[in-house]
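Per-chain residue numbering starts at 1, and chain names A, B and C are given in the order in which the chains are listed.
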């Protein structure tokens, strides 16, 4: 397992974190290539189904990132999202996902450096946990 | 609670006679012990069909969704809170409703009684605070408190929060109740242990969706389990699909669930499905000081925000 | 027909012997109720039950069953071929099935085994199985088998009928499959107990207190029943869950699904329920049975009218009473059957 690398799905808000990722790239900042980015219009668009689908298909980690509170392109999308994330993270960890698989962050379009830093942190946390095992859907023996 | 019935009859009869409402939604006597069937009474001659006892655990708010008529509905504490939620969510209008409030002393748990009685139950008779269970040539008497549904035993809102008429004086509310003991027990578990616990809890699930459909909150025109473009959830008895269903079902009830227990009562396999919704209820209370369905003037927690909401978990 | 006496002290030994050549399934108490499950070594069926919570239909017809599978990994044999999945169709025996549930398989057979269409999965499973029924000495208050075409000692659908007679079982051999099974178990004490079984049968039948009347269903016009005014009332309480259909031994509907897992995938079928809106949803978005009432009507019309008309052999129900006991809102098929049976169209003058 020494060459195992985690797969992390990153849902990034179009107006900030997605731009920040771009900025990090343009600025030639280094972070490990473990994240797969999916662009979303706003963190308010995040559905728990996206997160569960990612875990179900075998993602080792999920990272959702959007604009700082007060900076939402749609004024309040991230305020609503924050409440949903709070409850959802608690619930999925209550049901048995390890703390450290699911991450949230606020990163503005100007924070390319911060993007790389958080990415490194997220990747390291997930890597330390090892491959995901609890919410992955596989062919199983109950299906005869 | 047994004495409520004549009052229910009088009120219903009056409302129907005076054409104040088009129908009364209540319960009629079931065909098997410990079961009553939700029913609708439309003419004053039929009000005597209505019954009231400790087997009225189905949440009648479920039968109000998107109705256009003028309706009188019999409501326990939890039902009334779900009616409030329905009004807030525009599933019915307040002025369409005449709420016949029932101060509730709890419903009895038919799963529990069946498991405490070895023979087949032929008849269950209720006297004040006493439940007499009869089988063929055998009888067992329980104190009502021993056989209450678990959500009723820990209920702290037994009296209706909105009503147009009460059938009796309000009952005393229970205090000093630890509502979340079971949730904390799970929160304290290790990851592995949690997974084992939930796998075991859900191993009997047959995906009949009785828990979802008995719930007054589940009225989406297309439920996420029925979505096919894209299909979020497989249809088999795969444990991950089952777990995902229960997780999302609970999440959809976040900040709306009143712990009426209809889901658990409906489950044909006796699964403790409240264990999911209760976690969210606890969180909503702890994070946002929210209890669902207590007021018509407040927005539910996922429909509002405060700039200073807790966000320790966000980097 | 031959009757074999099995002393209860020889019961466990015989079953262990059977496990050499058969896979055994029997009722086992798990949590608070019984269900059928594969019996491991030294595990005995638990006969202290009225009936299992779920019907034994899943033994022949699992809730989720893989039909075909494929593999896209080019290093594997037969990659890129959709092929039948390998399954164990070796001999097996279901011990302790109630006569009503066994006769339900005969009703279901009409769907899976027809002259035109044969369902290979169902037929292979069914044919590999020997049914050892356990007669109901004490039927429940919700059992109405005697008026639903079978009974507590009903034999059709069984290979052996087991009667609990205190310190021993009486095993009535009904088919050659059954005879082979008893031989394999080493039970061979023939006895003459026809009369005893007959008396017990009559006693058990007399204990059945609940009935349906079905005599007039056949003569009703479909359209009259379809348009009957009582459906709105019947459907009022229904929450449209699938409990009744999933616990029913005679409900056979399924839905075929494909699932992909990386480089491999399966085609499977899962039980479906006419209570769900998705059951009839068209690709266009149109749903011919979009309302609760339509779906409730469909369930009862299928069981109590369409089936009756199509096969001319009674209702599609064996009277096990599971849907009555488990319906979350107490919808009672007995009541509805009687309502349909006694329904007369009101003739109006205009």
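The rule is simple: a residue touches a chain if its C-beta (ideal position, glycine included) is under 8 Å from a C-beta of that chain, and two chains touch if they have at least 3 such contacts.
The structure presented is a predicted model; accordingly, all values stated were derived computationally and were not measured.
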item	value
Of A-B and A-C, pair with higher C-beta contact tally	A-B
Centre-most chain, if every chain is reduced to its averaged C-alpha atoms	B
Separation of mean Cα positions, subunit C and subunit B [Å, integer]	32
Distance between the centres, which are taken as Cα means, of subunit C and subunit A, whole angstrom	47
Chain centre separation (subunit A, subunit B; CA means) in Å	35
Where subunit B touches two or more other chains, by residue	234, 236-238
Shared-contact residues (touching 2 or more other chains) in subunit A	137-138, 142-143
Per-residue multi-chain contacts in subunit C, two or more chains	64, 259, 268
Subunit C contact footprint on subunit B (complex, rising order)	30-32, 35-40, 58, 62-63, 111, 114-115, 120, 122, 204, 206-210, 212-214, 222, 226, 228, 234-238, 265-270
Residues of subunit B that touch subunit A when the two form their complex	183, 186-187, 191, 194-195, 198, 224, 232, 234, 236-241, 243-244, 247-248, 250-251, 254-255, 276, 279-280, 283-284, 287-288, 301-303, 305, 307, 309-311, 313-315
Of subunit C, residues touching subunit A in the complex	62, 64-66, 87, 259, 261-262, 264, 266, 268
Touch list for subunit A against partner subunit C, complex	58, 137-139, 142-144
Residue ranges of subunit C touching subunit B (in the complex, touch as defined)	30-33, 50, 53-54, 63-64, 138, 140-142, 233, 236-237, 239-243, 245-247, 255, 257, 259, 268, 270, 272-273, 276-278, 281, 324-326, 328-332, 334-335
